[in-house]
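Right, one structure below, let's go through it.
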Amino acid sequence: MRIDTLWGRRALLAAGAIALLCVPLLHLSDYTMRIATMTCVYVVAAAGWTLIGGYANQITLGQATMFGIGAYVSTMLFVHFHLSPWIGGPLGAIAAALAAAAIGFLVFRLWGAYFALVTLALAEMVRILVEYAQPITGGPQGISVPFVRNSVWLLQFPEAKDYYEIAALLVILALALARGVQFSPLGYRLRAIRDDEVAAKLAGIDVFRTKMIAFMLGAVLSALAGTLYAQITGFVDPDSVLSITLSVQLALYAIIGGAQVWWGPLAGAALLVPLGQAMTGSGSAAGAGLAKIVYGLLLVAIVVIQPLGIAGFVKDIRFRRRKPAAPSQAVTP
Amino acid sequence: MLSIRELSAWYGAVEALHGISLEVAEGERVALVGSNRAGKTTTLRAISGLVGRRAAELTYRGADLQHTNPYAIPALGIAHVPEGRQIFTGMSVIDNLLVGAYTHKQPVQRRERLDLVFSLFPRLAERRQQAGDTLSGGEQQMLAIGRALMASPSLLLLDEPSQGLAPRIVDEMYEALQRVAQTGVTILLVEQNVSLALDFASRAYVIENGRISLHGSSEELVNDERIRASYLGI
Amino acid sequence: MRHFTKLVAGVLALAMTFAGLAVPLAASAETTVTVGAVFPLTGSLAAFGKTSVQGLQLAAKEINDRGGIAALGGAKINLVVRDSTSDPADAANATARLIDDVHPIAVVGAYASSLSLTSSSVCERRGIPFLTMSFTDDLTNRGYKNTFQVVPKASVIGSKQLNYAVDIAKAAGDPLKNIAIVYENTAYGTSQAKGLQAEAEALHVHVALFEAYPHGLTDATPLVQKINASNAQVLFPISYFTDAVLMIRALAQSHSKVQIVGGAAGFVIPDFVQTLGSLTENIMSIDTSAYDQYGSFEKAYLAAYHTFAPHEAYENAVSLFAIAAALQKSRASTPAALRDALASLDVKGGAFSGMPGSGVKFDANGLNTDAYPVMVQWRNHNLVTIWPASGHGVQAAVWNGKTVK
Amino acid sequence: MAVLQALVNGTLVGGVYALITVGLTLIFGVLEIVNFAQGEFLMVGMYVAYFSYVALHLDPMLSAVLAFGVLFGIGAVLERWLVRRVLHGPEISQIFLTVGISIALQNAALAFFGSDFHSVHVPYQTASLSLGPIPISVPYLLAFAWGAAINLLLYVFLVRTDFGRAMRAVAVNAVAATLSGINVSRVRMIAFAIGAGLAGLAGAVILPYAYVYPTIGLQYVVIMFTIAVLGGLGNVNGAVIGSLIVGITQALSALFLPSALQNLVVFALFVAVLMIKPSGLLGRSHAH
């Protein structure tokens, strides 16, 4: 079945969005809903990575910085000034966008591996500074978000699952943005940069500006996800929201799902977050270790077989694409 | 010694050569001429296995090149001087030459080859410790040829040796190539400068859009109307 | 290509198998009481999660071997262990899942303060008692009804670390004037160092060096250079094992003779003496339990794991013993009833003897008010309790080579 | 005096860093991929040395050779079966393939060796020599000596031997190297294997003053990247210079700044250098 008309596609997307919002009607267990909620948070954060890392192939290993800024700014405003996360979250997003502008200004002229490693170093610098600025940030001890009361205005609910609808709405918003960008002139410019930056420049694209817009938009998404994360877990510390591990994870979700399409983060996080959770169930270190070996091997297998991730597999199936029979061996430099 | 029948070649999925046939005999100097993007470079790359290719026959001294790994081809006696020189930047002249002698490990033989190269291109001897990319264009071309000669080839594939060089340097280069040929090395030359090529070679093939359109002795071709009109500008 | 598709299929199949294994069989509820345990079994804290779980398992075995909970018809403790990983959010997830899956009557966890903070939040929201031996003050500062901290909190540990050292130094006739404090830049390090610093100020001891360093050092020489330059009489390092090892080796290399008074954690585990050997001789450390008083638990641990029981193993066992005692007293069959029983618990001696104060009694915030820290010292590859001098079975301290009477 | 001591310490540590980093640099130089699993190779090397010590009472300074061999083998296999497949693939695959390998190795170590900390006991562990009033740590000195020896050997190998020259040729221009009769795939495999082997060797050599557990690689990997990029990825001499700069910077900054900010200075230096020279101190510029 293929739905090719514009209205058909729109209807399908709307149905998907409604389905996402209706998940609580299934009466799943608290834990399952908790994971569904966390998955939504990571979808949004990974979508932030996709805008720059996937669409423009600027592989940043510092997206946790944006997530962390979102988590910290809203939490600090909440704890110190009793400001609702509904205000603190957007302020955090603005702060993340500004941080993205500053970082982008430094790194956008670097290519490939250098870009990746410098974003990693800058993210580490942010983590060190947050740990050092203890009076404001709580330092390495982090900040516990006090549970004031069950309140929509304070974005405080007793259970993680109660955040589901908000998280799902944010997912719809984030994916709508990602999809909008993908098919907009900005998306074409980003793709041109991904395919060949020099050619894009020659074709008159303002490469720096294009990357910057995508990076800042991505920062906003990841920061909003960070705000929600802080409210759900009730605790932020540098190790959990500013770590290299988180940066790598966000990129992984996007890549496994398919970094070049808007729904990649959704597919990736929806597969990996529950899988990762399922694997931590084991009660012994050896068992837990073995489970995570599988996780590593899965990643290895996917990048080797299909660098375009799940989206690549889907494309192969939809177009029954066959590679032309390769003639005898050729060497590429 | 080099026999090619029905050779086709691809860049990815794009076919760039459409079944060309070509012969080079022991000790001959053969030129392959044609306009830009006609398939000259691709032919040489197909012989060396740098592009995907298929042929009814692609043999050198009886060895089937289609079933030989690209890196094993130089050991059969074929040395390829690629388009654009492709010297190893950042490595010294002497190191570039020694990499060329990678398949020839005996020190005595290397010494002899080095002496030969330095006698052909004395300027390389002067600059032996200099980094390859600090040389002038002509010197870089000499280095590329010298590197190929280090492997003691019996067949030399030359891709556009005159490209981007001053006329005086080109003359110097071709004088050196004459001397190389006199040592018994067979030469298959790709050259955009057709008069230069026909001057140097005894036979030539004309390639157009991935197909051989004409071939014959250099004398015949120099006098051919079509050649004179299209390539020699007479 | 095909064989890679197979590889993916294989990997997925394996993953599913693990996922399947993780779902426990429904426990037969009649004769067992299910207690959850959430500890880091993977990631950088895995080593401590492992020893914690070992302690819990021994405690469960001891309780069950003695006939289970007599008041509940000899019900056996069914301990269900889950990996919190070393990440706070995952610790919360693991706790939520544990509660959904096995409906434990209580949860014990999660060694590290950051993990316990999120894990206890989940338990609070679900009304399940959460027992912990994590140190941080935050745990029992939040007004939670269901969090019980069996050990003294970090600020108290920090202040006693200095307080005892001052007393020991005075008893040795070498009053403490000038000290160096170095601490790892983590929740544990900073909160304990603050307690230490406040106490130093109160007692007018000069802090010549107050230095945080990033956890996970690759090289301790710059830090050691600073320590040596401070000319401190005593060094108070608050470190996990890895940094402690680098620091003590680098101190030895620089011929430093400074008296070390460690801040528990890395200084009081079997790995410490196994790795550093005789370099540990006479190193002191503040601690939350008294090794020489563990009794039968100590013997059982030694027999099972061939090392002495580290404090986290014992203190987590104490959590389980406290649960057992509360169940015995109240015949509780629900988490809420158990919570109330724990809140009014007051037990002494027996299995609790290894806790200084040898008892468990929680205040309104869930902090064990019976517990206080002790000073321990490495002697001939063993830990002995040396302070407060009035305690039971306390040995004489050795201060800068001098035996204190 | 304190400055002098810091310089000596910084130089020693820098020498050790050079040993740890040189493999990463070699791999990038020849294969143009950043190996995120290099820290885990170091970890495996440490375990090799640890188990050699337990089973055979071999000093890590000697079992370093064994660690090199083991990691050489692992590196060769990984290159042959996995890395090779992404060399011409998108950058994303290149980065995340090695990330996947590192996750798998870390957890394999956890599953098979357990989460305990391990170290060795050697007589020189806490020994130090005196250079005037300045004590010099013997284990650091030995590790430094290994670092110097390895870098010298590698230099001689790359400059004086045919295979080393071939490796440099492949790094610069794989097509021209093929035309010179060099089996490029094999050279890359061996370069990766040597790079992995050197990480293993480094792991063994630092074991006398450090310790090993499954996630130890994470502690070293960021500093490795910093040094490699600072010196110019792919440039072996650059790695040595970068190592010394980082080692000395860390030691000196500790004199004036809180230890907690020590790495901030290193990262700041690193970012600053790249702003001025985007390919690192000795890096060649890339036409990408």
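The letters A, B, C and D name the chains in turn, as written, and every chain counts its residues from 1.
As a convention for this text, contacts are C-beta pairs under 8 Å (C-beta built on N, C-alpha and C of every residue); 3 or more make two chains touch, one makes a residue touch a chain.
The model shown is predicted, which means the values in this text are computed figures rather than measured ones.
Undergrad: Quick check for the class: compute each chain's Cα centroid; which one is farthest from the centroid of chain B?
TA: C
Undergrad: Tell me which of C-D and B-D has more C-beta pairs in contact.
TA: Between the chain pairs C-D and B-D, C-D carries more contacts.
Undergrad: Quick check for you: compute each chain's CA centroid and the global CA centroid, then name the chain with the smallest gap between them.
TA: Closest to the centre of all protein C-alpha atoms: chain D.
Undergrad: Per the centroid of Cα atoms for each chain, what is the distance between chain B and chain C, given in Å?
TA: Roughly 75 Å separates the two chain centres.
Undergrad: Go ahead and note the Å separation of the Cα centroids belonging to chain C and chain D.
TA: Computed from C-alpha means, the inter-chain centre distance equals 35 Å.
Undergrad: In whole angstrom, what separates the CA-based centres of chain B and chain D?
TA: 42
Undergrad: Please tell me the distance, in whole Å, between the geometric centres of chain A and chain B computed from their C-alpha atoms.
TA: 52
Undergrad: Out of chain A, which residues touch more than one other chain, so two or more?
TA: If we look for residues of chain A contacting two or more partner chains, we find 128, 131, 285, 287-292, 295, 297-298, 304, 331.
Undergrad: Residue numbers in chain D touching 2 or more other chains?
TA: 107, 110, 114-115, 173, 175, 178, 184, 214, 218, 258, 260, 263
Undergrad: Which residue numbers or ranges of chain B touch two or more of the other chains?
TA: Answer for chain B, listing residues that touch two or more other chains: 50, 69-70.
Undergrad: In their shared complex, at which residues does chain D touch chain B?
TA: Residues 162, 165-166, 168-169, 172-173, 175-184, 284.
Undergrad: Under the touch definition given earlier, write down the residues of chain B that touch chain D in their complex.
TA: It comes out as residues 48, 50, 69-75, 79-80, 82, 86-91, 95, 98-100, 102-103, 105, 147-148, 151.
Undergrad: Would you pull the chain C residues touching chain A in the complex into a rising list?
TA: Contacts found on chain C: 1, 4-5, 7-8, 11-12, 14-15, 18-19, 21-23, 41-42, 46, 49-50, 53, 80-85, 87-90, 92-94, 96-97, 99-101, 113-114, 117-118, 121, 125, 136, 138, 142, 185-187, 189-191, 214-215.
Undergrad: Once bound in the complex, which stretches of chain C touch chain D?
TA: Going through chain C, the ones touching chain D are 41-44, 46-47, 49-50, 182, 185, 211-214, 216-219, 221-223, 225-226, 229, 241-242, 245-246, 249-250, 252-255, 271, 274-275, 277, 279.
Undergrad: Give every residue of chain A touching chain D within the complex, in rising order.
TA: Within the complex, chain A touches chain D at residues 53, 57, 59, 106, 109-114, 116-118, 120-122, 124-125, 128-129, 131-132, 197, 244, 248, 251-252, 255, 259, 285-293, 295-300, 303-304, 307, 331-333.
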